[in-house]
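Shared chain: chain A. Partners: chain B in the first complex, chain C in the second.
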Partner chain A sequence: MSVIEVTNLTKYYGKSRGIVDVSFKEEEGEIFGFIGPNGAGKSTTIRLLLSLIHPTSGSAKVFGKDVVTHGPEIRRDIGYLPSEVFYYEGMKVIDLLKYSASFYGKDCTERLHELSEYMELELNRRISDLSYGNKKKVGIVQGLLHSPKLLFLDEPTAGLDPLMQRKFFDLIRKENDRGVTVFFSSHILGEVQRLCTRVGIIREGKIAEISDIRTLQQNNYKKVNVTAAGLNPATFDLPGVTNVQTENGTLHFFFKGDINAVLQKISAIQVADVTIEEPTLEEIFMHYYE
Partner chain B sequence: MNANIYRHEFRFRLKSVIIWSLALTFLIVFFFSMFPVFADQAALMNEFLARYPQELRAAFGMDNMDLSTVLGFYSFIFMFVQLCLAIQASNYGFGLVSIEESELTADFLLSKPVSRAQVLTSKLLAALTSLTITNLVVWVSSFAAILLFREGREYDMPTLLLLMLSIVIFQLFFLSVGLVISLLVKRVRSVTPYALGLGFGMYVLSAFSGVFGEVALELVTPFKHLDAPYIVKHVAYNTPLVLLNVAVTIIALAVSYWLYTRRDIPAVS
Partner chain C sequence: MNIFLRELKANLKSLLIWSAIIILLIFMAGAKYSAFAGDPELLKMLDSMPPALLDALSMRAFNLTTISGFYGVMFIYFALMAAIAAAMWGSDSISKEERDKTVEFSLVLPVSRSRVVTAKGLAALVNCIVFVLITWVVSLVAVQSYNPDQAFYSFLALEMQGMFVIELIFLAIGLLLGCAMKQYKRSGSTAIAIILTAYFLSIVVSMQANLDFLKYFTPFKYFDASQLLSSGKMDVTYLLLSAVIIVVCVVAAYWLYNKRDLYI
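And now, the complex of A and B:
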């Protein structure tokens, strides 16, 4: 059963676009990366799934239930870490976390302390005295303390130092091992590459591509670098070659198609060095945005 | 209704409730302590007042009140009490859901497993509890002030009770109208100007309606719906106007629920 099932979901804020005709599925136990630049509609999608906003058309199901009609029921098993965290300024961290826990009708005390200790969060400080990174930690503990089955992480690492980021990723992996499904929105590709099994790329409110992270890298462009004396870019004038650049006697280009065609061309010349690599997600990603 | 939200909301407003209650107690006791002087020199006082133009007296609702009687004097103070209660209730009404949105804590609350209707009901009940505490403080300080300073002058208890019972209707009007306006406008950035606007605005309308004797304005403002001099004079409410007041309150509440359950919570921008 799909944990998230989004069908032709569209959201307009008045006349301005939120997302248009977005469809995708996320299976149980997956870590799904949702990538796109700022303003592409990542947060809009998450906010629709949490029914913080209502769809203009289309539908979305979480745990097989419609998000508009079954919101409260669905949210019982959801943890949400927003991209920017805001909490009641006058409250103490511990009181906020207890308030948060009180909604789930179960004892979360042990988990609360466990998580705070792990994230090195001081419980007796006032929210208003916390730095941005520390508020983010409150968000993480708050999102996880009721042991949700589905986690929405909206650009979760912003404001965390590298050490904390690593701890956070370990935590998410551990949760995932216990069977928790994760929906991970980000514009930082490195972290998506590290964590996710499948990615959806969103651009200007529309899904540009959904695929396995491996397939995305394999069925894509190869990055070819050839170093040789007196190299002529016209040598590699083949169908499937793009983005040809010459730099210090090295020729860089992207190639998509039968790699033998390129190999034949290379073997015909005297080369000093050749590398053929898979592109990073970043480069694939940039391609979708050109 | 969700007990956690209720408790949280109530605590959030506790300080404000205490301040309003103290202010109102001070207002009632301080003003009423002047009653003996007014009562002793009633003739002089009325002569003094008669020198003011009729319009000015009407604006302050003093054209049909006798400041030499306990209830006449009390109804004069009661208008200022009403003004304070109006501002307080509007303040709670305007802030009820808009503070969460402007301080961006709405995301936290609404991503919890509670329905919008539950959130709104819990918040409304918490605000109503806060207003009721203030209401009770007004009751107690009014009775205390009258007992302390009436100096043996008689007053009609049922009339006083009518005045006191009108407070809750009055508060509910401003609470619900404030709430519905806050949901109709796109974003309330700061609550206080709105609350002062609604409270004072209604008061000024009522004062103008006194000056011009215009009927249309009476229909709008709760200060006329629950006009203290009228209640004292007739020992009864102006029933059609009170019904109108209650109807507006109920409609405002119904529309608020309708709007809030369909509302898109604004994100950080």
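And now, the complex of A and C:
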């Protein structure tokens, strides 16, 4: 069963574009990555699915129910971690979490403490005294404490230190193992690659591509930088090499294909420095729009 | 129930501040009245003032040297305070969630927007009830030393009922503004603008007899203290009109809040 089913969803804020004609499906148990630069429409899509805003046209279903008409019912089984979390400032963390739990009609106490302990959250502090990262931790516990079946994560790692990020990813994986479906929005390709099985790429409000993460990586360019004395751009005259540029004795180019071909060329010369890196998201987008 | 209780707690500070202001106003008024009480010289002086000015301050209809008359003049100020407080409670309880960006938490909980409006509206209503009761009780305490007669007590009761209906009207208007306006920053100031317009309209109506028809546009005229004092009861037409305004505003508030995008 498709947990999320979005059909020709369009949202305009007055005249300015939110998203245009977005369609995709997410199956049960999947971790779906939703990537795109800032302002591409990632948050708009999530807010439409949470019925915080209403579509201009098109429709969206979650758990097979229309998001506009069945909002409260759908949200009972949804956990949401926004990119920036805001809670009632005057409340204590524990009171806020209990308040949140009180809406789900089940006892979440045990899980609340389990999660807080895991995320190293101090329950007796006031929300207003928390740092950005600590507020995010409250968000994680609050989003998960009622054991939702579907998780929306909107740029979830911002503000978390690397150690916490890892703990968080482990937590999400564990949830996913229990059958929780995850919708993961991010502009950081690396974290999407670590976690997701399938990705949708959104740019300027439109879906540019939906594919398997492996296919995306295989089809991808690598960015190669070689520094060596007396470099000649002709050295790397291989099929798959594009965008060759020389700058201060360093040669930059994009490569797509079997990386061994490039490595052989490199090993044939005396190099001072070599880097081969993943292209940035922007560079992938450029590829999609060439 | 959980939203309602949280809201009551969040509103408590504002209720305390407004109550402190009205208590201060009542005691200051009481102190002023002690200078007027039973002073025939004052009446002579008032007679020499231009009638239009007295109308504007609604002082002509009352005998300022009696406690009932004095409270009649004060009523518009109580009503004004009550209106502002009620409208702020109504609009703020909805719009503050958008101002503080907490909608992304509170409306992702499994609750309908209607349920949120109901809980918040009821919490604001509790504030209004407490506010009018405080005004009533403190007034009773403040006038004790002047030994008011039975007529004053019934007049005060009538005034407080009028004040309560005015609160309800402006609570409904405030709720509507909070629910309808995406520009949350403006809902509070719009509410104040409406109240002040209504207030000045009520002054204009008292001064200009040929603009009498305008009285239907200002709730402050629905419960005119001089009318209440002379007739001893509330006008049914105005009560019905109030009920219509309240119902229309509340229904529109629910409808618009369910329909619109939340500002995030």
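The rule we apply is simple: the second predicted complex is superposed on the first by the 220 of 290 C-alpha atoms of A that agree within 3 Å, B and C clash if a C-alpha of one lies under 4 Å from a C-alpha of the other, contacts with A are read in each partner's own complex, and residues count from 1 in each chain.
Keep in mind that, in the parts below, contacts are C-beta pairs under 8 Å (C-beta built on N, C-alpha and C of every residue); 3 or more make two chains touch, one makes a residue touch a chain.
Just so you know, these numbers come straight off a predicted model, no measurement behind them.
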Superposed on chain A, are chain B and chain C clashing or fitting side by side? clash
Which partner chains sit in contact with A:Arg75 here, chain B, chain C, both or neither? Use first/second/both/neither. both
Using the touch definition from the top, say if A:Tyr132 reaches chain B (first), chain C (second), both or neither. neither
Examine A:Arg47 and indicate which partner it touches, taking first as chain B and second as chain C; both and neither are also allowed. both
Intersection of chain A residues contacting chain B with those contacting chain C? 13, 47, 50, 52-54, 71-73, 75-76, 78, 80, 82, 84, 86-89, 99-100, 102-104, 142
Touching residues (chain side chain B, partner chain A) in the complex: 2, 4, 8, 12, 103-108, 110-115, 118, 262, 264-265, 267-268
State the interface residues of chain A toward chain B in the complex, per the touch definition above. 13, 43, 47, 50-54, 71-76, 78, 80, 82-84, 86-89, 99-100, 102-104, 142
Residues of chain A touching chain C in the complex: 13, 47, 50, 52-54, 71-73, 75-76, 78, 80, 82, 84-90, 99-100, 102-104, 142
Help me check something: in the complex, which residues belonging to chain C touch chain A? 2, 6, 10, 100-105, 107-112, 115, 259-262, 264
